[in-house]
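The chains carry the letters A, B, C and D, assigned in the order they are written, with residues numbered from 1 in each.
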Amino acid sequence: MNLIEHLPVLQVILPLLSAPFCILMRGHMLAWAIAVVASGAAFAVSLSAASIVADGATLTYAVGGWAAPYGIALEVDAFSALMTMIISGASLLALIAGMASIRQQLPEEKQSLFFAAWLLAMAGLLGISVAADAFNIFVFMEISSLASYVIIAAGPHRKALGAVFKYLAMGTIGATFYLIGVGLIYLMTGTLNLDDIALRVANVSDPHPVLLAAGFITIGLALKAAVFPLHVWMPAAYNYAPHVVSAFIAACATKVSLYVLFRFDFTVFQPNLSGHEFQFGHFMMPLALIGILFGAIVAALAKDLKRLLAWSSVSQIGYIVLGASMTSEAGMTSAIIHMFNHALAKGGGFLIAMGAALYYTTTRFSNLAGLGKEHPWLSGAFVVIGCSLIGVPGTAGFISKWMLVNAALEQGGLGIFIIAVVVFSSLLAVIYVWKVVELFYFEPRPEGASSNAVVVKTPEKLLFMMVVMLVAAANVWFGIFPGEPLALASQAASMLTGGAL
Amino acid sequence: MVEILNIFIMLMLVITALAMVSSRHLFVTVMLSGIFSLLIAASFLLLDAADVALTEAAVGAGISTVLFLGALALMDVEETTRGVRRIRMVSLIVVAVTTIFIVHATFYMPAFGDINAPIHQHVAPWYIQHVPIHMDIPNIVTGILGSYRGYDTLGEVFVVFTAGIGVLSILGDPIKNRQHRPAHNRGLRHYLIPRLVGRMLIPFIILFGLYVQFHGEYSPGGGFQAGALVAAAIILYALLEGEDKALQVIPMRVLYIMMASGALLYGGVGVAALLMGGNFLDYSVLASTPVAGQQWGILLIEMGVGLTVTGVLITIFHAFAARSNL
Amino acid sequence: MDVATTLGWLAAILMLIGAFFTFVGGLGALRMPDFYTRMHAASLTDSAGPIFILIGLMLISETWLVAIKVFTILVFLLITGPTASNALASASLLAGNKPGLANDQSEAE
Amino acid sequence: MLWVELYHYWVFAILLMIGLFGVIAKRNLVKKLVGLSLFQSAVFLFYITMGKVDGGTAPIVGMTDSTDVFSNPLPQVLILTAIVVGISTTALGLSIVVRIKEAYGSIEEDVIHEKDRAE
């Protein structure tokens, strides 16, 4: 058996089939161990797949031995390899760092179910990333969504329930919209395989239903990706989820929906519908620009660290959409590299929120003052990650902003306006990051503030700090040596926009 | 003639849907949604989708209604607020605009039933032609579901599995929830006639479930429909004799194992194919000839589907029932 | 007239009778004054209607297998229908819903 | 006649929109879920409709004459999966509603918002 050949399917089934074992295990530590091992294995698979596809190759796999379009095909190219790395990496790091936090927030008897759902969420996201079949994407989207609802609803606050219900309603509408779009495309082309659709959609009898399909798919996926103004479910869901879940979901969940949106739009619709690039760009760009500013403003007004980070995500997703809405190779590169860099920064940010909650119970600002003196390493890591969120040179966030500005310059007069918005929103980012830094370093610890909610065991603490330091260091490392992710991103962008030429 | 029946059912569907959304009494809404499911199942049958009709009837009209009723037992059945006027206006506009877009696009779609439409020319004819060759089973839907698109069905099983562990995680373990209260729930013990008739029916329902399970290659049916039927039989038992009795017959531990082992059986068949030199879920390598391998593979994965679905549906029922008696 | 045509006519008449019963049942469920009388109307005709309709269907079924299947459906309907009505009525009684009797009505007036 | 060819699609559009209206406009959580499942059912109808072939039969070989025209089996397979997804979503949604009712004492969104704000 040649393992390399089976990499695309192993990527999905390793975590997927580990999930049932989690609920069969009585011990919660054993379930945790299974989850960590499965995430690690998925991460290893994604790394080896990435090393193969980095030079532009594509790994294809026919599930069941049936060739596409009759069977379901899996495809790993540079874009999907990058996504699988983000997903499995985020899951692995969050699980390792989150031991103490899970103990703090979840009752022991629920933990094995929690880890099973976690693995299913990850497997669903991975399944979407490697799928090359429009309906298969829907199935795995639903696995990941249902599992995400479960792990978010595990949050201890009752507001988590309301947040999850909203997420469930909007997520289902989004997925069903996507399903309608796929149905319309199937009606007009008779196939579900993405490559086959791209071939046949040019020859349809009439483009109107396909345009309607494009509309449904774009809106449905934008809903799931929390693109402004369809983001309303997202801040509450991130805010009230268990801290460890926030770190994982914020790093990858919405980005996978964007990944599907980009793949669909750039490979299926744009090459085959005349003028669709224009429609896509001019539909998404205003939303992206408003989203960037709106998210940053609300984040600057937030009074809770997790809420701040969640709203900052609205703004950062705007950057990704903005890059893509230019429909140029440079713009797409900036969008894809920002997916990676934002996952690093936002995942790290939520990890620090988790640490803060571990020591001080909540993440409310009123409760966090003076963290810098008591926990200098943690707050130091936040400064680094905050710089990355702002886009300070020398951090990963700078790379994507730099690429974005470069791409905007290609757009002529409109580009100047875009750059102005980006600069202004970066200033807003400085404000909201500075608010936290000021709180950590320049305000005294309030008298009688609660602290040390749980006894954090030394190994847990060591693992947690190790992961936080690793993420902070990665934010700097990929700011100075962006080589590998940038290579994957530009490879992916040229593949996507190459189809559009 | 069939066209008239079609139009009649479509009209009924729209009327029922309107009544569902406008009724202020949740109980009425839920019962209407059961009727809606039966109507739409009839419509599926008229449209030649026998498998789908069977599933919709078992799931939409059966299981889904039971779940809604189980949840309603806990809440006020009267809808008290009418909602904000502004939101209603905005949603009306959104809905109207979307309808116009869809109806506009329908004029450019292939006509209903047109055999020259692209979907009947590409991919689908290949399935109809090749299922008898590759697997030698009459039900083409089962062939596609089990083998050509078996990976989707694997996903489907895991969706059900996720729902099972999700409900358990959100509502808590039924056994633990039941410990907090006296065992006053005796089911329908004091209703003599329903109890007797119900007990008589249970074996027949299970028998029919097994028929649907193992006859799925030849006639409409398969693991999912069978799982729903068997689960319905156990749920009926729980309603008649009380959940404590039902939990004695199939304890939670067994349900956990059923949920997990069905999913693992399905995945295991795939992995076995992988180890025997084929691709994941390539059943052809499982037996001496590819056709026999396909038949074995489909039989096994359908059993996996049936196990998981039965386990999950019973678990979900117990989880809701344990809450509503608190 | 050969046998098939006779059977066809017979089946049509039986089904019309069945349809009439079902229609009357629906009318009764709408027009009767209280819960029990409504249920009475619906339950009785829900048993009578299917008997005629299904026997009619059995007469025109092409093979014996189909006829046996239809007969089985009939048996199950005859068992479950009245049971459901019984359960419904006793549930209603248990919930404190008293049947409206003639003298009650005169009191109300 | 045009409307005979297309009315199935229109019914789909109408049902879809009734469901969507239910989800967006209704403030009662159970009502929202009912709307959601109505919304999904409409899509099922759409898929099954497009698979129908005039004069076709259910895609089971050998049920009747072997020369039959079959309706398209693929949409049916997709919808079997989608129905399962739908009931899973409904079950999960209902369990969340049950917890919300226990935590807030109500399943009306307005009441829940008020209680959240009062905190």
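Here is the rule we go by: a residue touches a chain if its C-beta (ideal position, glycine included) is under 8 Å from a C-beta of that chain, and two chains touch if they have at least 3 such contacts.
Predicted, not measured: the structure shown is a model, and the values here were computed from it.
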item: Set of chains adjacent to chain B and to chain D; value: A
item: Chain pair with the most C-beta contacts; value: B-D
item: Geometric centre distance via CA averages, chain B-chain A, whole Å; value: 31
item: Mean-CA-position distance for chain D and chain A (Å); value: 28
item: In chain A, residues with contacts to at least two other chains; value: 135, 139, 142, 146, 149-150, 153, 186-187, 192
item: Junction residues of chain D, two or more chains touched; value: 16, 20, 50, 74-75, 78, 81, 85, 88-89, 92, 96-97, 99
item: Sites on chain C at which at least two other chains make contact; value: none
item: Pairs of chains in contact (touch as defined earlier), listed by label; value: A-B, A-D, B-C, B-D
item: Chain A residues within the chain D interface of the complex; value: 135, 138-139, 142, 146, 149-150, 153, 158-159, 161-162, 164-165, 168-169, 172-173, 176, 179-180, 183, 186-187, 192
item: Chain A residues touching chain B - in the complex, by the definition given at the top; value: 1, 6, 9, 13, 16-17, 19-21, 23-24, 61-66, 69-72, 109-110, 113-114, 116-117, 120, 123, 127, 135-136, 139-140, 142-143, 146-147, 149-150, 153-154, 184, 186-192, 200, 204-206, 208-209, 211-212, 215
item: Interfacial residue positions of chain D with respect to chain A in the complex; value: 16, 20, 23, 29, 32, 36, 39-40, 43, 46-47, 50, 74-75, 78, 81-82, 85, 88-89, 92-93, 96-97, 99-100, 103-104, 112, 116
item: Chain C to chain B touching residues, read off their complex; value: 76, 79-80, 83-84, 86-87, 90
item: For the chain B and chain A complex, residues of the former touching the latter; value: 101-102, 104-105, 107-110, 117-124, 126-127, 130, 147-152, 154-156, 158-159, 161-163, 165-166, 168-170, 172-173, 176, 256-257, 259-261, 263-264, 267, 270-271, 274-275, 277-284
